[in-house]
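Each of the next two complexes has chain A plus one more chain, namely chain B in the first and chain C in the second.
== the complex of A and B ==
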């Protein structure tokens, strides 16, 4: 994460580090999905890759050294790539509709509930993954299933 | 009976001026954002994600659903540094 530098503290230059990864680290291709499709797939990634994600987070809580959690990180990446491939071949058009809607609307989820509903149905039918918001209080409908929400798009 | 159409000229001018300024603003903002409306209320997380999008696609508003990142992605991360 980049930080905000206070002004007048020296000449800033952008440094691009060209050293490749060391050869003893197994190579895993990074996830190439950008922010809007990733946000759209976020809850499905959370439930499909739950075990690997939790392993990674627990590992990170032990030490923030990047070298400490490389193995768990590779597992997370592989699981995410697996789910993205499955989403592309099974629910490709619904996913595209949802993330394109998000991209037009500042990537805020409450603007795009109709495409989201279709995507959730497709994901549940084809892949058996349901969108669940963890921490929803008992007895309250989750916001993505509420039929007439108060906070919604004003226009369009 | 003559209609005082000259009295409506200021309203026409206001509409035209506001319309022209607004349209120019909209067109200029969309041109800077790959034809999309500009993003607002961006926090550090969103800025970091947009920087990642720039590294993946070449533009801060570019999107893609490729499961695998291009080869350049592993070597093009930018560190903000200072000369001491």
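== the complex of A and C ==
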């Protein structure tokens, strides 16, 4: 989306609009995180940035105009950057292990429960964020904490 | 010369007893045992299937929630980019149509306030 291929790399980029953002819009760094780390961190992002995310989505439900929610969007991105930096500092190796596993295993969470448990544990110990899947039926073990699930990877 | 006379007699110890009894080897468990066993295996299989269906539903929910949690972040990023391109497009339109009096750059072609995504996209 925001990827802009530099000129001279052999990539045809005549259609990439290089116009910068208008100066009256404050600058915010983009996340620059690929899909696997994002998926690995999704539940932590969801609970850590809950207020900003909900604010943004409420704003979007007011109007779909991209100009309408730029301020809320910046808050969402800043919060995500904040959490990602914290994760890198505190649980860097666990996070790496989990998202590399996801990258290798078709981004299926049930293939990567072992690294995920370590990451969840670390996140809870260091940052106090717990992974909760909303809507899990009462009294049943959440799927990510199940010790012997039926769906698991056959290859170790 | 004739052979000396010799009476033919049974072998020493007598003849073997005649095998007239039916020889049927053991044929495994009985019908009810097999029926019961198959029923038990099927019942266990269906139980596992049911548990697996419940589990798959939970896995699906987990996956959906990862996407729901990531949606605002991705949307915010996309919106910024779209806003930037929109502003550039309006500036471009202004420049092109500067000689046409009464032209409003960036005006929607529809007579309502709903937001439409641009028909022509420049990445």
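Definition applied: the second predicted complex is superposed on the first by the 142 of 156 C-alpha atoms of A that agree within 3 Å, B and C clash if a C-alpha of one lies under 4 Å from a C-alpha of the other, contacts with A are read in each partner's own complex, and residues count from 1 in each chain.
One rule holds for everything that comes next: a residue touches a chain if its C-beta (ideal position, glycine included) is under 8 Å from a C-beta of that chain, and two chains touch if they have at least 3 such contacts.
Since the structure is predicted, the reported quantities are computational estimates derived from the model, not experimental observations.
Contacts of A:104 after superposition on the shared chain: chain B is touched, whereas chain C is not. When the two structures are aligned on the shared chain, A:144 is found in touch with chain C, with no touch to chain B.
In the superposed model, more residues of chain A are touched by C than by the other of chain B and chain C.
Of the two partner chains placed by the overlay, only chain B lies in contact with A:96; chain C stays clear of it. In the superposition on chain A, A:29 makes contact with chain B only, while chain C stays out of contact range. Touch criterion met: A:134 reaches chain C, while chain B stays clear of it. When the two structures are aligned on the shared chain, A:88 is found in touch with chain B, with no touch to chain C. Looking at the shared chain after the overlay, A:21 reaches both chain B and chain C. In the superposition on chain A, contact of A:69 is made with chain C only, not with chain B. Touched by chain B in one complex and by chain C in the other are residues 1-2, 15-17, 20-21, 30-31 of chain A.
Those residues of chain C that touch chain A in the complex are listed here as 48, 51-52, 54-56, 58-59, 61-63, 65-73, 75-88, 91, 115, 122-123.
Chain contact summary for the complex, chain B toward chain A: residues 36-37, 39-41, 44, 46-53, 56-57, 61-70, 73-84. Remark: chain A residues 1-2, 15-17, 19-22, 25, 28, 30-31, 38-39, 42-43, 45-46, 49, 52-53, 56-57, 60, 63-67, 69-70, 72-74, 76-77, 80, 109-110, 133-136, 140, 142-144, 146, 149-151 touch chain C in the complex. Every residue of chain A that touches chain B in the complex is listed here, in rising order: 1-3, 5, 9-18, 20-21, 29-37, 81, 84-85, 88, 95-96, 99, 103-104, 106-107.
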